[in-house]
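To keep things simple, chains are lettered A, B, C, D, E and F as they appear, and every chain counts its residues starting from 1.
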Amino acid sequence: MTEIIKKKHFVRDLTAGAQVDDLFVLAERVLSHKKDGNPYMNVVLSDRSGQIKGVVWDSVEQIAAGARGGEIVKVTGQVSEYRGAPQMVIRAMTAVDPARTDTADFLPATDLDIEQLFERLQGLTRSLRTPWLKALFDSFWADPVFVAHFKRAPAAKMMHHAYIGGLLVHCLSMAVLADKVASHYSGVDRDLLIAGAILHDIGKVREFDFTTAIDYSEEGRLLSHIVIGLEMVEKRLQKLADVPREEANLLKHLIVSHHGAPEFGAVEPPKTIDAVLLHYIDEIDSKINAIREFMAKDATSPTWTAYHRVLGRHFHRGRSSTSSETGSPDRASGQMD
Amino acid sequence: MTEIIKKKHFVRDLTAGAQVDDLFVLAERVLSHKKDGNPYMNVVLSDRSGQIKGVVWDSVEQIAAGARGGEIVKVTGQVSEYRGAPQMVIRAMTAVDPARTDTADFLPATDLDIEQLFERLQGLTRSLRTPWLKALFDSFWADPVFVAHFKRAPAAKMMHHAYIGGLLVHCLSMAVLADKVASHYSGVDRDLLIAGAILHDIGKVREFDFTTAIDYSEEGRLLSHIVIGLEMVEKRLQKLADVPREEANLLKHLIVSHHGAPEFGAVEPPKTIDAVLLHYIDEIDSKINAIREFMAKDATSPTWTAYHRVLGRHFHRGRSSTSSETGSPDRASGQMD
Amino acid sequence: MTEIIKKKHFVRDLTAGAQVDDLFVLAERVLSHKKDGNPYMNVVLSDRSGQIKGVVWDSVEQIAAGARGGEIVKVTGQVSEYRGAPQMVIRAMTAVDPARTDTADFLPATDLDIEQLFERLQGLTRSLRTPWLKALFDSFWADPVFVAHFKRAPAAKMMHHAYIGGLLVHCLSMAVLADKVASHYSGVDRDLLIAGAILHDIGKVREFDFTTAIDYSEEGRLLSHIVIGLEMVEKRLQKLADVPREEANLLKHLIVSHHGAPEFGAVEPPKTIDAVLLHYIDEIDSKINAIREFMAKDATSPTWTAYHRVLGRHFHRGRSSTSSETGSPDRASGQMD
Amino acid sequence: MTEIIKKKHFVRDLTAGAQVDDLFVLAERVLSHKKDGNPYMNVVLSDRSGQIKGVVWDSVEQIAAGARGGEIVKVTGQVSEYRGAPQMVIRAMTAVDPARTDTADFLPATDLDIEQLFERLQGLTRSLRTPWLKALFDSFWADPVFVAHFKRAPAAKMMHHAYIGGLLVHCLSMAVLADKVASHYSGVDRDLLIAGAILHDIGKVREFDFTTAIDYSEEGRLLSHIVIGLEMVEKRLQKLADVPREEANLLKHLIVSHHGAPEFGAVEPPKTIDAVLLHYIDEIDSKINAIREFMAKDATSPTWTAYHRVLGRHFHRGRSSTSSETGSPDRASGQMD
Amino acid sequence: MTEIIKKKHFVRDLTAGAQVDDLFVLAERVLSHKKDGNPYMNVVLSDRSGQIKGVVWDSVEQIAAGARGGEIVKVTGQVSEYRGAPQMVIRAMTAVDPARTDTADFLPATDLDIEQLFERLQGLTRSLRTPWLKALFDSFWADPVFVAHFKRAPAAKMMHHAYIGGLLVHCLSMAVLADKVASHYSGVDRDLLIAGAILHDIGKVREFDFTTAIDYSEEGRLLSHIVIGLEMVEKRLQKLADVPREEANLLKHLIVSHHGAPEFGAVEPPKTIDAVLLHYIDEIDSKINAIREFMAKDATSPTWTAYHRVLGRHFHRGRSSTSSETGSPDRASGQMD
Amino acid sequence: MTEIIKKKHFVRDLTAGAQVDDLFVLAERVLSHKKDGNPYMNVVLSDRSGQIKGVVWDSVEQIAAGARGGEIVKVTGQVSEYRGAPQMVIRAMTAVDPARTDTADFLPATDLDIEQLFERLQGLTRSLRTPWLKALFDSFWADPVFVAHFKRAPAAKMMHHAYIGGLLVHCLSMAVLADKVASHYSGVDRDLLIAGAILHDIGKVREFDFTTAIDYSEEGRLLSHIVIGLEMVEKRLQKLADVPREEANLLKHLIVSHHGAPEFGAVEPPKTIDAVLLHYIDEIDSKINAIREFMAKDATSPTWTAYHRVLGRHFHRGRSSTSSETGSPDRASGQMD
């Protein structure tokens, strides 16, 4: 078995003066020429903690020939500072076989314990009472290739849960919340709602590529995770015995309609109580995650964030940002997310 | 003290042949003339259970002089049938002093126990830890005129919770759900979220008139429940000592933004985690209520409802409508709504 | 084999005084009561040529018990006139086993020769050069149940090609036009474009019920013809050998995107030259058909139609409606539609 | 009493070579490092006439410690030129107590005489005939803190009247125009319309901070000037005797509805003749001001301006820009604005 | 010369019992049959004061043959009452040569003195200082056919100024208001603005037919009043000497852009100060007129109107509707409209 | 006759080290100052193949005085490289009389043979059967000034056919496609449809200036090509005898409505079969051209293009980009475009 090369330092921790001999993703590379006609190369190196700019002044052509954009590279150099930001002056850089690296080093990933999250999710599917839904999840969980992808998939490229494990975090949070909502209103079909919470975005395991960077796959751009997810579910349903087709259509309708309205990608609007609820639970979980991640990264002021271009507003960080008293000191334990 | 006249029969139960001597709201009246030049009068009579058409053939002018539209009337007549629907032939009709009637007879009202709902709501406000929020609710609950209106107000004229007690049902359901959501996500300000759930629509106690019919008040049409509610809250806050203004603005922001987007009436979009959550909790509770009431009234088919004009779709009644198995047999107990 | 009962007269031809003993669809029935308390029943009878109102004055309860809405019925009665329109006074009406009728009698259908249209369509699929596309169509054409449904399916409930055979007429017209467009522009993939023209709406064979009336099926309302069509194509592709998945995704993208924009139901916008063209060819064929059918039914004036509510305008019938000279006397021959 | 430090030169007049020893707002500061590891600081200095970039090469850390962004600073340095624009090389910079400066030096302000504008506005409120409206304005004008803010408040951050005194200029112009429109149409309530013109944006005195820069206040972002303005008016109305509530609601409706439509922030659409007029008068005055200011700053060509991003078009400067003849030589005198 | 038949009574004044022998427009006619098979005819008769229903019981076929919809007819009959509304029982009805009638009898018309309005408008065009604009108006006013149409044209079919003379009322009101606005702001081109106010809708003299009913003309539906108006102005400009084309384009731009935004029919958005102003002046004058006419016709309540479907709200009639005090007793004199 | 100066090299072919003595358009020029106070000038030079940046270090003021932006200039200098892109160091630059240059050198132009395209277009107009349409085209083609402009006009500034000859390419392609569509559907007026295809954008010959750069003309910005085109057609129609006005309005309607909907600039929506078809044919031809030109310029990957900002998506290059097999090997011959 190949030996894995360990990454030693992460971008977030690099400061001026540091000597570097480590692995990164070669996220971007631009070959240019100085006024004297000699070449140099600007690059962007990334790992799961962030990005750093780099420059190659010597042996430029030789180094440029050794690595393409998107590859994992071994870099030797020193960190300096340029225009107030760290910049790596690169002396050597060569592509490395990804099989010899731990890809988790290169993409941002959830801080939560993925196995534990997955175990909680399986606990929820074991609690279902509908035989064909249990059989459907048994089929998914028994497929190791699917499970491996499912545990790693992100839920988005940029907006929310845009990291390894993001899909699992998102689906589990929604399923737990769905369980609470199902006990709040009568007339809710708990089994379908929880199944929908887990499966509504299932097509994202194929909509995205997430080896060295998170981006849309060919199939993802052409068909969307909604269509891919329907196909994944249907393929397994066909292999199960005794699936009531009317009920299966109600499950598939949850996938079809979870974006809420056609202009946001819903093929049909939600037409059952469960579909309406699933849409709002998805909205809540993705928006709250997006806003909290934006707040976490933003250092504009203790009270207000910078302007969020997509959501079109500044966000206020709440009471804790303006006063010392917190309204809810004891809520931390037991929270999902 | 005036003696209350008891209503004996409700419109829903009137069948052809019945003799009637009872109270109704004179919802509409149109005076017309027969071909022979003699007058007659078509009316619509209503009570909390529905509407019935009526006609006056004799003593028309005298009867017409005795009651105006919107008044509560005592009617003597007999139910016959016209074009397949019941019609009351009216022999006498006179206006009655509303003070001598039980207005609950004339408007649809929640089947739930209003006092019990209100007690649960007070339980929630007692659980708050923020002194000035507790003081604010103490101020509201200590005002018997306000409480009397708050217990009776509807939450809408037509779409959802459009009945006496509807506002209380809606706010309590939202507050209970808010409590669950606050324990699901970290970073939520439970006190503010629950206070927002209870107060976001508080202006509806003045936005609507709801004595003999539910309609917008003069003030409601000119100012909207958002502006009225802000005024009601601000007026009480001014009388409290030690209200931190920054925190009070966060509470008022929940009222300002709960419609979510300007095109739906939000003066500002939700700019805190709590405001975003409150908006979705409001959406969930009002939409689920609207759909369930539409399903309850609609008898088109056991599976699909008729087309819902405002929401723009047919609704499917779910698995229980297509199969004998219900996915969630034991969820009934403990549910809010 | 059961003997088929022949329909003798069609609604369009019934005039006052005619004696009727014939088959119709009992489109609507409403049981009412006269002032004297006796029952009567208003009905609407339909066949492929239109609708006529009817009334039952005698033996009402017995007749009402014999037939439900949506059934094919045998009716005995006489045509009279009521408020200027024909009305059938019904003496007897009993449900008939649909298997003993020719369902083509009851739904509007294309005037064109369906077998001939289908033969032309097969000619086009034989002209394709891509092996897996030819194999896909072979699979469809070799399935007699599918072919039988495909030949009868309508393309819509109301707007365009809303009649038996409408889907075939629409797809053939689009495929022929696609062939012309493919020869006009370079860079067009003729095989994919023609395949897309034939398959883009294929899910409509299951989206609609079209036995005695054209309406959405359960599955159609929950999933839409786009999702159903993708499933139908994918199921056959899985059984074929040597399907290049990248190319298959390009075909499926044509189905996914043919509505052009999300707000009109496109899951993804058209992302290939062929997808952009297919969308416009669909727009042209459906709009032109819708407008011509509206013009054909409308008798408002020789020049302008009445206001078209969905398209939001009056239509002008063109030069031939205002002058005797026609600009294009010899174009009739060889036209598709 | 503290002695005021006089500002001697304004940014607009600084040219290369000038020695500077003067007051500015430290609008921005970014601390960076040179390649040799030594720090430097880029700043932006502003005053009412504009902005100039600056750089600190020496004593960087000491200077950086002496002033924060947003503060008024005393700067010693020399103007040079960098990339074709003036740049100040700063030798010393220290924060100055704002109380010792004339804040009018630092923010753009109207060229008009504020006292004279205010006097004209008071003349209009004296001309009103409705006692409670006169009393309301008496209350506002008698509050020196309010009046001081009202005279200085801007009407916007960027689009129109975005300078000290802008709110007063805008309201007076609208009130004068409202007076003309009230005499043009019958059925207009002159008193309400003029009161609305003066009070519709009154909340902007608190929606904006405008000490050293114009920006939204905390309260402004959370509540909007509409809600703040309603609160300011209501608070004074409560202290007046004999205010007819129905009429007061009509005044408050003018504030509620002046943005015209919900998607532009109107809580309710204008529902009175006066509210409809006030909305258009506001549109006219803000748009005309925005366009004229854009034209004044833009030097693209004598005929056309550059593209206005928000309004989405180039503007043509009119006849005077293309010919020597002006259509209206004698209209200058007596104009408001 | 043909003798004009005088109309004696108007629909508004007809009451039950009246004998009628007078002229009307045969607005609608529907031929029906009674149960006994005999024909009867329902009609709608109209004149400038309103509409009345009528019925023909005898000699139906003969009477029906004598007049088509849209024609002016002489009717003999008697007014009775049906379902509470007047209905005319018609004994005879024959078409009349329109040349023998006063068409002003049949269409609603302004109550104002058209000649006096036109004289005021000419006064404004005489006040212009731009030679080619004066020449353009001279050309229009010197064409008696144009002037005759211009004096009669309506400004709309339904929404505002939808009566004979409405275009003139609308243009004069706008021109007077434009004059006031031009003196309020500097930088306004008074001559162009007033010319635009008078000419912006000039195409409506051909967009509408307004002989016996107001409806769109063939040309109006195909080209719109904007395109027709531009053609009318351009045709006259071509015949004038010394028209500066750049200035003429600024005038034509006022016609092109007066609807404000493309979605409301503006070919280009307003790109000059004058065009922006003209758009708002048009909005004000048409909306105020529409609302006042709606208020005048609506008798729902002294305070609120019924719901206005197009504008989407109820309107409040203002202070005078809720109190006895009017805020502006002396504004009546000198008002335009 | 003036001798034409030949351009020797094009921007696309300039590489570092090249000596230049050639003609360019001075697209932009910005005069700046170095730190030492000495001036320098940055410029952008363009020709039909693209743009190159340049810089003037010496004799700056003298050179700056010799040429204004937009002029054709003769430049002497040498190409170097700056930040990885070629940059011309300019030693001399003087304006050249455009009459002495071949303006085709400076603007991008179609590669097709303009005379041949025009000949094909005339062939189509000769095939028309409607006398007045033939006469109209005779009038256009007989005007050498118009024809010269028509052959050179672009169809857009940026989006599609944005090059010399683009309008002709676009109109011919549409007319040929219109001919095919006219033979596909019955009820199409071939003569009007082809005439509309050729004339719908005719106003673009005046909407754009296209001497040294493609930009909107004064008239184009104020009136739009729709209004200009209508004026051009109307002016010629007035000079023809025997033009049936109803038919001419149908032609003008094609120009009026070809943008399809008001929000995209259609003055009226398409109201004839021909107008609906023309709109879609225009959409197809402009979108396909825009996408193909975007694909041609974009080198992001062999399969997907970069994100298209205006159309809001990445485009896939189709099967040929992912496999060696092409579906349509023999379609190249005879294609229009």
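What we mean here is this: contacts are C-beta pairs under 8 Å (C-beta built on N, C-alpha and C of every residue); 3 or more make two chains touch, one makes a residue touch a chain.
Just so you know, these numbers come straight off a predicted model, no measurement behind them.
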Any chain in contact with chain B as well as chain F: A, C, D, E
Mutual neighbours - chains that touch chain C and chain F alike: A, E
Chain E against chain B, contact positions shared by both copies (same if over half, else different): different
Whole-Å gap between the CA centroids of chain C and chain E: 44
Averaged-CA centre spacing for the pair chain E and chain A, given as whole angstrom: 62
Per-residue multi-chain contacts in chain E, two or more chains: 218, 221-222, 246, 250, 253, 271, 314, 316
Chains grouped in pairs wherever the two touch, ordered by label: A-B, A-C, A-D, A-F, B-C, B-D, B-E, C-E, C-F, D-E, D-F, E-F
Sites on chain E touched by chain F in the complex: 218-219, 221-224, 226-227, 230-231, 234, 246, 249-250, 252-253, 256, 262-265, 267-268, 271
In the complex, chain F residues that touch chain A: 16, 80-84, 303-304, 314, 316
Interface residues, chain C side, partner chain F - complex: 128-130, 173, 176-177, 180-192, 244, 246-247, 250, 253, 268-269, 271-274, 276-277, 280, 283-284, 287-288, 291-292, 311-320, 322-323, 325-329, 331-332, 334-337
Chain A - residues contacting chain F, complex: 30-33, 35, 37, 218, 221-222
